[in-house]
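What follows is a structure written as structure tokens; I'll ask about it next.
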Amino acid sequence: MTGNTFGKIFRVTTFGESHQEAIGVVIDGIPAGIELDLEKIKEDLERRKPGKSPLTSPREEEDEIEVLSGIFQGKTTGSPIAIIVRNKAFDSKPYEERKLKPRPGHADLAYWLKYGFYDYRGGGRASGRETLARVIAGSIAKQLLAFKGIEILSHTLQIGKVRIEKQPSFDEIRENSRNNEVGCADPKKAKEMEKEILKAKAENDSVGGIIEVIALNVPPGLGEPVFDKLDANLAKALMSIPAVKAVEIGSGFKLAEMKGSETNDQFYIAEDGKIKTYTNHAGGILGGISTGMPIIARLAIKPTSSIGKEQFTVNLKNFTQEKISITGKHDPCIVPRVLVVAEAMMAITLLDHLLLVEGFEKWKERIN
Amino acid sequence: MTGNTFGKIFRVTTFGESHQEAIGVVIDGIPAGIELDLEKIKEDLERRKPGKSPLTSPREEEDEIEVLSGIFQGKTTGSPIAIIVRNKAFDSKPYEERKLKPRPGHADLAYWLKYGFYDYRGGGRASGRETLARVIAGSIAKQLLAFKGIEILSHTLQIGKVRIEKQPSFDEIRENSRNNEVGCADPKKAKEMEKEILKAKAENDSVGGIIEVIALNVPPGLGEPVFDKLDANLAKALMSIPAVKAVEIGSGFKLAEMKGSETNDQFYIAEDGKIKTYTNHAGGILGGISTGMPIIARLAIKPTSSIGKEQFTVNLKNFTQEKISITGKHDPCIVPRVLVVAEAMMAITLLDHLLLVEGFEKWKERIN
Amino acid sequence: MTGNTFGKIFRVTTFGESHQEAIGVVIDGIPAGIELDLEKIKEDLERRKPGKSPLTSPREEEDEIEVLSGIFQGKTTGSPIAIIVRNKAFDSKPYEERKLKPRPGHADLAYWLKYGFYDYRGGGRASGRETLARVIAGSIAKQLLAFKGIEILSHTLQIGKVRIEKQPSFDEIRENSRNNEVGCADPKKAKEMEKEILKAKAENDSVGGIIEVIALNVPPGLGEPVFDKLDANLAKALMSIPAVKAVEIGSGFKLAEMKGSETNDQFYIAEDGKIKTYTNHAGGILGGISTGMPIIARLAIKPTSSIGKEQFTVNLKNFTQEKISITGKHDPCIVPRVLVVAEAMMAITLLDHLLLVEGFEKWKERIN
Amino acid sequence: MTGNTFGKIFRVTTFGESHQEAIGVVIDGIPAGIELDLEKIKEDLERRKPGKSPLTSPREEEDEIEVLSGIFQGKTTGSPIAIIVRNKAFDSKPYEERKLKPRPGHADLAYWLKYGFYDYRGGGRASGRETLARVIAGSIAKQLLAFKGIEILSHTLQIGKVRIEKQPSFDEIRENSRNNEVGCADPKKAKEMEKEILKAKAENDSVGGIIEVIALNVPPGLGEPVFDKLDANLAKALMSIPAVKAVEIGSGFKLAEMKGSETNDQFYIAEDGKIKTYTNHAGGILGGISTGMPIIARLAIKPTSSIGKEQFTVNLKNFTQEKISITGKHDPCIVPRVLVVAEAMMAITLLDHLLLVEGFEKWKERIN
């Protein structure tokens, strides 16, 4: 009913359902005069796109962006940027049978309980297609952060039961994670992950996974205690992504079984004169405030809810238990497609905090 | 600088530093005419209190609440409730040497980078003492939720390397978790956890852990897609607690290695006529909206940053590396004390969402 | 840079500049299942439209609305409603000379100082065309309020030096104010007002005026002390309309010279059993809260800034004083066109407050 | 129920009722390291205080401030500042008869309708005593603005039927307006105003008035189109003050009868090289953004609602019409006491906008 805006100063509002006219985003809080490269938005949308390989859904979505406002002669005007992507024509028929049978694991039932109905054709706002709007906003946020030297990386740690054994370096992530379909920085593990997905697909089943998002060169001082801490807002941002059920910062759950003498990141003076820590169990955030060390977040993604296997549901008219198997095209694993969405949410969160601390004036000085 | 308020309608603002006059809270968005039991606030504060046993810090904090506004003849007036707890006199001397040496794992350095100084006497806003204010607000929120039949539970799953083997029932949690110092629902494991803490203490070290917070009888329909999802706001609420570094909803990280056919919670009609699910991997939340099933969240708490063991730090004046060992009184494990804080943050989040959906009028009808 | 959203729960975000692709609005916080009549939106846009008579600008704007999301089979889905209106092709040439010469009375200079540039082609976000988006949102808000029996009226009190002599009844406003070009409830005065406008036009000059907006049947209890008072939020809403420079509630400035014994609205029990007041100097709001009496607000609109007469400006490149006369098409008086915009802002404000008090649940009960 | 916080970044939350423990304020969003002079807060409170002369209420309020947090060694810490003022002991008895008889013009009835009860002892949150908290926050805001060279002035234009004839210069306001009891910059008119008040007092009646608040040296660029315009937020801030029923910016309502050629403020280059305007009908704000010219706002204050004269009310138990005359001590005119409150609300609004544009970093640079 309300809740479609994220951010305090850099404010992202998304709208649109999968089976209506368009998906769109309005981005408010943009410094004026910044040059934007629309090609980068398209590249990011390409990374989110399904149907690129046997590993993903074979639906063909062509996501053409249409800029409605906020950019003049290639530069931001300081006014809200609105961008939409039209939905393609679709056939409602195949969805008819889902009308009264909410799909297990999906938001159908929850929407029905809250709104009195649910969009049986494709999930409405709960559709993964909504993340299109996030990716557009995130791509713009990443370009603004890049002005300040901030870089966002992401890669896949685990798919199903296949997990990388060694944490890759930032360079390995940069070089390798985009060279395979699963976004893994370890090429050998990537192959195993692909097999894991194909196996699930063959069984009419699905798998989930774990991904990591990293921000480098984040200035110290971002995060507003005691509730708008940087990690608190990152947790919200990342947990709001469909299918994400867990978020950890730095060493996260592992910290529970370690000793304080191990988990405290001890200080030294680095060659560049900055205070750094030998380890980074804190994931770059102390007391809710960035320290200048890399920001590190990991998120767990549940297996795709749409599966061909038969499951129990209830008929909302008769109020009887029935069975359902989700036919049609669906990804056996969405994990690789979530990478760019997670980058987007991290970028949006960081930029919102950065603008709060730096103000808009500083940007103006830079661009003239 | 800004960020000390949580919530959209039920709005909790905390203030106060550990070594100044008082810690306090202002709670806005309270329905009028509700009877409040101040004794319950005191009970909750008692649960947060250190120094109750050898397992916790021997400091003596007496936390007397003083109600400044918002309650008249035992009932809420609809005006903001302000409550403060005075800090006791303290001696600044023992802290002198920390003035230029930020403690590893603590917020000292981050505050120094952000604000240009840090409160070397006790952490300022980053002090665990700030959670006093959260507990007060949470205790009030729990009383309001109780009117609607909603119950909040919490218990300890793990301390250091000791973890319970079997998920306890809600009844076991209710009965057992308050009978031991560590908040564990398994009495035998509780003993082991206590030993784990004492061992760390003997080594001048500290341990962390994992706790679980549960909300029962939450009505379906709470949570506002796509950014103010219930799980997203819970993640923010819980991650904003000092020392928390990870949050998961339902089966969380475990979902990553399961199949969709296992993780989808399948539907049936319960005896009371409600739609329920056989399993609850979703933790009571689908598409960001409560379904009526129990809400379940788990959080990882890092080991106490204050340890006696010698660690590296930097001198902020000379900019040279030095050593520091934290003397004075400190908890070797704060996990059990976080339980009531986590309950508070969950209660505050739920009430905020409930008021948005139900409005204030409904409460009025109830109380007249 | 940021500030394009109004409302706390019923949230209206507008975007778009006059000389770019489109003007649009995203409306979040809509109860689900409400039937909407798009024809009423078109009627309201017609009332805002320039060029209907010699009294207004002869530009031809065709404002076709395009619904992008949030409405399914004629009913709200509870998801954000996005609606856009495309801008027509335009010729940038005639605007070239304004590029460096900000127009007196316009926002040009302020935008240049804030953003480092201004949209010399048509005012960008400061263009009156932005109010299109407000009218769309307002029209939807009025339909939702009508469900609750709330009615919004508006009429013109004064144009230039012509002012009505007697406050019209609500019936007179309903019947007469839409029967003339100036929105005046007194047909004779309406004629004089028209002449006042034509006279200004003949002199290459412009006139302003005063209008009144009224809300009937507003339930008591709307408004949240002490800052989100109903009158405070109405003042913000109405003052945010372009060209509005003053807002008063009830008897407003007149109260300054009256006695307390005259201005206090004394109570009686009306025939319907409700408590009413003999007079309504308070404009239906006491202590920032609606009382059930009619809500009354008046606003002053400055004369159109675009005039043919020669004025002093400065050349922003040379930093020398120069002269400018605004050629092209422009309204000698925009007062009548502001009526529907003021209705919109009042409706949006009231609905936001109503949803806060009543919650979304109540709406659901109504529609099933 | 909710609404006791003002501002987006510089956030002021007030709490407390007139007849409970204390009135207080929490101020969040304060840059760290700024030296504050508590004496200036006391001076401002003195200006708000009743009972200084026969013109005001003879009640004796001693308003001692108690700083609870946020200031360390005289400087801001960046943490929220909490300050309270205790209420003195009072005798509830004289108020007993008001219990069921809401006072005309007061918020009593509106609170009863909204909250189900009202504080018959002194108005609760609707009491003028709440403005104490605003004055404290405003006094701090003025000190922060003064760092940036911004000055806030105020003076009385009209009391009852006595109005100054000529707009005083800023110097005259600075020199004269604090030399008389009514805050008027014209000493002769001040005397007449005093008589007007005494006359009303003698008649058991009350009078209102009009005041002006001015901000000098405000940098251009403050204000966020299209809803968080500077004038829109000022209108909200000023209209939220008890008893204020109208707000105008610049020439306000007068603009309605002027021509565009008169009201457009024409540009010239001033000696200091800045762009200025010959006139200032816009009150320093164009398109919702400050231009660098003086910000000017005027507000109408209704006559004090508490009067000795007999008035009609209703008995809320019997639901019959009855009579009431307000005995006890009350101001026949509160206008002069509102001056410092209006200054406070303007300062809070400006600082909130300034921090948004400049960020917190700039402040830090200044203070180190």
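Note that the chains take the letters A, B, C and D in the order they are written out, and that residue 1 is the start of every chain.
Keep in mind that, in the parts below, contacts are C-beta pairs under 8 Å (C-beta built on N, C-alpha and C of every residue); 3 or more make two chains touch, one makes a residue touch a chain.
The structure displayed is predicted, hence computed values, not measured ones.
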Each chain counted as touching chain C and chain D at once: A, B
Comparison of A-D and A-C (more C-beta pairs in contact): A-C
Copy pair chain B, chain C: interface residue numbering same or different (half cut): same
Distance between the centres, which are taken as Cα means, of chain B and chain A, whole angstrom: 27
Centre-of-Cα separation between chain D and chain A, whole angstrom: 46
Distance from the mean Cα position of chain C to that of chain A, given in whole angstrom: 39
Multi-chain contact sites of chain B, meaning residues that touch two or more partners: 1-5, 9, 14, 79, 114, 125, 221, 225, 356-357, 360
Of all residues in chain C, those that touch chain D in their complex: 1-6, 14, 102, 104-107, 109-111, 113-114, 125-126, 130, 158, 160-161, 200, 203, 205-210, 220-221, 223-229, 231-240, 242, 245-253, 255-269, 273, 275, 277-278, 281-283, 285-292, 300-307, 309, 311-314, 319-321, 356-357
Touching residues (chain side chain D, partner chain B) in the complex: 1-5, 9-11, 13-17, 20-24, 26, 28-33, 66-70, 72, 77-82, 84, 114-117, 119, 124-125, 360, 364, 367-368
Residue ranges of chain A in contact with chain D within the complex: 8-9, 79, 221, 225, 355-362
